[in-house]
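The structure is given below, and queries will be raised subsequently.
As written, the chains take the letters A, B, C and D, and residue 1 is the first residue of each chain.
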Amino acid sequence: MAGNSFGTLFKLISFGESHGEALGGIIDGCPAGIKLDFQAIQNEMTRRKPGQSAIVTQRKEDDEVQFLSGIFEGKTTGMPIGFTVLNTNEKSGDYSHIKDVYRPSHADYVYEKKYGIRDYRGGGRSSARETVSRVVAGAIAKQILPQIKINAFVSSVGEIFIDKPYQDLDFSKIESNAVRCPDENTAKKMEDFIKEIRKEGDSVGGTITCVLQNVPVGLGEPVFDKLHAELGKAMLSINAVKGFEYGSGFCGAKMKGSEHNDLYNSDGTTKTNLSGGIQGGISNGMDIYFRVAFKPVATIMQKQETINKDGNLVEMQGKGRHDPCVVPRAVPIVEAMAALVLADFYLINKTQK
Amino acid sequence: MAGNSFGTLFKLISFGESHGEALGGIIDGCPAGIKLDFQAIQNEMTRRKPGQSAIVTQRKEDDEVQFLSGIFEGKTTGMPIGFTVLNTNEKSGDYSHIKDVYRPSHADYVYEKKYGIRDYRGGGRSSARETVSRVVAGAIAKQILPQIKINAFVSSVGEIFIDKPYQDLDFSKIESNAVRCPDENTAKKMEDFIKEIRKEGDSVGGTITCVLQNVPVGLGEPVFDKLHAELGKAMLSINAVKGFEYGSGFCGAKMKGSEHNDLYNSDGTTKTNLSGGIQGGISNGMDIYFRVAFKPVATIMQKQETINKDGNLVEMQGKGRHDPCVVPRAVPIVEAMAALVLADFYLINKTQK
Amino acid sequence: MAGNSFGTLFKLISFGESHGEALGGIIDGCPAGIKLDFQAIQNEMTRRKPGQSAIVTQRKEDDEVQFLSGIFEGKTTGMPIGFTVLNTNEKSGDYSHIKDVYRPSHADYVYEKKYGIRDYRGGGRSSARETVSRVVAGAIAKQILPQIKINAFVSSVGEIFIDKPYQDLDFSKIESNAVRCPDENTAKKMEDFIKEIRKEGDSVGGTITCVLQNVPVGLGEPVFDKLHAELGKAMLSINAVKGFEYGSGFCGAKMKGSEHNDLYNSDGTTKTNLSGGIQGGISNGMDIYFRVAFKPVATIMQKQETINKDGNLVEMQGKGRHDPCVVPRAVPIVEAMAALVLADFYLINKTQK
Amino acid sequence: MAGNSFGTLFKLISFGESHGEALGGIIDGCPAGIKLDFQAIQNEMTRRKPGQSAIVTQRKEDDEVQFLSGIFEGKTTGMPIGFTVLNTNEKSGDYSHIKDVYRPSHADYVYEKKYGIRDYRGGGRSSARETVSRVVAGAIAKQILPQIKINAFVSSVGEIFIDKPYQDLDFSKIESNAVRCPDENTAKKMEDFIKEIRKEGDSVGGTITCVLQNVPVGLGEPVFDKLHAELGKAMLSINAVKGFEYGSGFCGAKMKGSEHNDLYNSDGTTKTNLSGGIQGGISNGMDIYFRVAFKPVATIMQKQETINKDGNLVEMQGKGRHDPCVVPRAVPIVEAMAALVLADFYLINKTQK
């Protein structure tokens, strides 16, 4: 189990390196008869792709998905959906300087030790370019869950954060700015800060908040495959993620039970929602919300000391076109992974009573 | 996939409800020829069991594990290890008052809606008593990983926290107090606070920190099954957990790349360890450390308003013997789940080059 | 993946050795709300158990199943169903003579080489006693498939076989004789032959035919998990099985397409059924029928030469109480495995359009 | 679990329809550092491809595999190996006549009923063209098992069969004739017969025998995942297969234990090998041999009555270029599936003691 598949019934298996021929995957278990909205899929690809704005990497990639199977006359057939995204813009020359060098806080060293071999071009499989397959699959997963609304947004960049509960935000404004922060004032501050960081040749971390609405009661499994455990794994599997919390999260660990318990209304909804829409691992019909922490990108344009294969200390400096802050481009990835988790539990739930 | 199994090669499948005949499980994939230390297994059971001290639930349970298969003349045979832990002390009468009531922030309501039926005695499968099977399997997992050291401890209760890095703590003191906090002064404060909370009939949350040492380079998979993603899922699957972070965690999201990158020494170790011992999802040989947030227990001894099956508002008050703070007893559970994750990746790693 | 689980959504994980404390298993994924018929389960256990008649082993085992979880007030709850069957009649003394000896055509040698250790008492995990768990799970699987009829019967013993198509047999007579052959004349011949074989201290092989009726159209998956591929694996996983064929089977390999094709009636049924109720791996609504070949039991009461651990040739003779012919007792096992396959595909099929 | 993946640690996930853009797959879990012999892979593709000789279909397909990932500088990297095989020669016009018709003994009807939609072009996913992905993966699996020899050959066509044990055959002659039968006289008869059948516009079935040599002791799992159970499933998952037997097979069901038992030599080999190289589901180091039955191809060039979507009886006649007998082209597919099974168990076996 080499860890390239995600999900049980609605399953994505992905392949591809940053600078190989193509990335892609297979979506296995998509129900038959779904009329696909291809524009919606391409929109998600466009949201993820580099070069969209002044604050993200200036690499140009078209990121067009080509579907190879499983779709007939615009509808899913129940057969596996194979797809590829060609690497049209790779510049392998850009990366020869890292062939024998282990970049700090990158995966170079561990790949070399684990596998005895490493595709050093652009990070190979460890590149965040791998997430392109997740976005394709997530965009299809969303289409089998039409009633559920999935909205992610940037809630902090460095020390700058939105100081409002998500209920006070207008999600329709998420795409109105380059940072994908629905609060305009905060977005402006974040954008300015990222530009400053880029000038310094540095990078900065941030957090993404995601809200899942209209999730039916009953998704998730009681013990190991709790809904929040799968969401957590899904998010932690995204490059650069360092933490996950849902509902009251780490703050909840400071509270008393009498403060934290969500009392019921007579219709089964709750007056508060510190639980974050999940009880005992199963959705309870309230909003599900969670927060994901991203570290600053390891590639920076400043000189750093590191080691090469022979263990000699060498100086290196990032080249190429990297994001000074990943969180804006990670927003559609977070949504895609949430959609994959929900689609899987949605199908499993059909078989349980 | 009803979510009662954990792991791929070293796999635990568990069963059992709080007040049924027995809990138990099957460990499938344990390598043959391991001479088991049964005392060590029972010790972990004893660490988890209720009634150990003044600050945990006063229920008495012997929690003796009985092994039914897979062991011959004291050694594992490579066959599945079946085991049971009898429920000797259940008092079903204690729970009749919740038969038709949905307790706030419990799983009663979602079980009823998802399955159309619910074993209401003591929470049934949603009870934390389920974790007894995890502790058995984790104790065996530890024995196939002899060189790895796994130490978890309580790092905060409510607002009280250890204000030192884990490197300054003496792990041999974890078991020296009822809270399982290796810093004696902090432990004392936590213990006093928990006693106070109990008097109020309330409960309080907390965090556990876990440190994995001597982990070989190369455990974990590059994409979906990153080492920290599986650790995160493992922890989030424990009852009452609301958050997980590893290495720099949520703090890392505030940092710059120039601060966060871990520079190498010439032997491949790093000068700092904000990465938390994992790069690109794969262990790098440095200490792995992570933190887990637990909410306050939902069962409190104060009156609360809730609803019954008919949607009528009713008043209820917790009965029985519950923990005012789960984190002390959750320490061995966190360790057990970490051991399960490591054992699985340890076996997978044998097949990859 | 140590191979002790079967199924994807309706899953059995089993444990236990012939002479350990107990055998048992966990059924994970059984839908909630099924009112179980416990008498029907015990009946299947009784059909499988030794000592039923003059032509099977005279060992006495009660084979009572104890359910430990997943059932509340007589109904399934959607939680894992743990169960055990105690080994009440084991006589470990009977087996000391084989401790250091590799019995011909048994698994002793390969277990020793593969695992470096072997529970030699009664064959340990390789004993057909392991199938007791399959029968429990199969009996529950049948109860979630109420409309489907599953009938297996002995179709040959040695050279004696039923020379009629299954359509001419009365399945209600299967249990009317000790051989479980619905054709009375043939049954009598088989029974006499088995008695003779037993007197010789020998054993004999046979075949079982199984017919699945009222299977809805649509069970099975197109490619690797074809319905007949899973049925084949299920049957081949039963001890002593050497072959599997369905529909026209090996005879079909001699035929022409113009003879073999099943022409349609206007309602979608077919005029002939050489396909055996499955097209492209998916049930087509016609009867599914298949045949399973069992070798003669390896334990015989005659002297045989074999080797011991040191590679020395030694003479041995079977002791204990063994079946001269396994097929009568294997009938309920074949049915149980068929039920497990159908239940799994039945649940999967709910998620596919 | 839509059934498009095969294997646990060495895993193939496949996609593609007969007349879609491309077929292909992902090989997940291939160990790192294997220097691939690409010519050997292409050779297997060529063995499987149509149009090779006068007795197989005259469709021309290049069947060139393109690898998209997981390989760097000629070696596997441990990352998933994505690959595609383009459909360059499809002629969708050829198939419009079957759009609304259910061909006898094809999967048209069951796909329509199961999924409510069907890609009718050339059988879509149910076409044997799907096996191209199996051959690619199998050719790579062979390369991680260098010491094992895998030889399949046609052992019967219709009533014509090789009347010698496999030990008397020269496997180097398998590729010397169009039928892939190593016995030259029999091959000639088979070839003549197939030509005759083709003239009649008919088709004929046959069997393939496969011999696995130099398999180390210890592959396979004791209970559900017995080596022969997985081989059986693998073979039964190939289009048109109706039966599987190994070792003594169906003949073994007629024998006595005293005839069937394989007595040991002092080195652990056996004097006879009716067991077929497997004891208790685990390889014992002797030759593994098995036989696979293929039905006659359902598409024939004769007029047949069938039904259309509306249930009306219509007359139809096969068009296009079909094999009158599949077994010659199925030889490399049988070998590929055997290689996949062995590679998986080979990796699993590394983790068991």
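Definition applied: contacts are C-beta pairs under 8 Å (C-beta built on N, C-alpha and C of every residue); 3 or more make two chains touch, one makes a residue touch a chain.
Nothing here was measured: the structure is a model prediction, and the numbers come from that model.
Chemist: Which chains contact both subunit B and subunit C?
Modeler: In this structure, the chains that contact subunit C and also subunit B are A, D.
Chemist: Most remote chain relative to subunit D, going by C-alpha centroids?
Modeler: Farthest chain from subunit D, going by C-alpha centroids: B.
Chemist: Rounded to the nearest whole Å, what is the centre-to-centre distance of subunit A and subunit B, using the mean of the C-alpha atoms as each centre?
Modeler: The answer is 26 Å.
Chemist: List the centre-to-centre spacing of subunit B and subunit D in whole Å, with centres computed as mean CA coordinates.
Modeler: Distance between chain centres: 47 Å.
Chemist: On a C-alpha centroid basis, what's the spacing between subunit A and subunit D, in Å?
Modeler: 39
Chemist: Using the touch rule from the top of the page, what residues of subunit A touch 2 or more other chains?
Modeler: 1-2, 4-5, 8-9, 14, 29, 32-33, 78-79, 114-116, 125, 222, 348, 352-353
Chemist: Which subunit A residues qualify as touching subunit C in the complex?
Modeler: 8-9, 29, 31-33, 78-79, 222, 347-348, 350-353
Chemist: Provide the residue numbers of subunit A that touch subunit D in the complex, in ascending order.
Modeler: Residue positions touching the partner: 1-2, 4-5, 8-9, 11, 13-17, 20-26, 28-29, 32-33, 66-70, 72, 75-82, 84, 114-119, 124-125.
Chemist: For the complex, which residues does subunit A have touching subunit B?
Modeler: 1-6, 8-9, 14, 102, 104-107, 109-111, 113-116, 125-126, 130, 156, 158-159, 197, 202-207, 217-218, 221-226, 228-230, 232-234, 236-237, 239, 242-250, 252-268, 270, 274-276, 279-284, 293-300, 302, 304-307, 311-313, 348-349, 352-353
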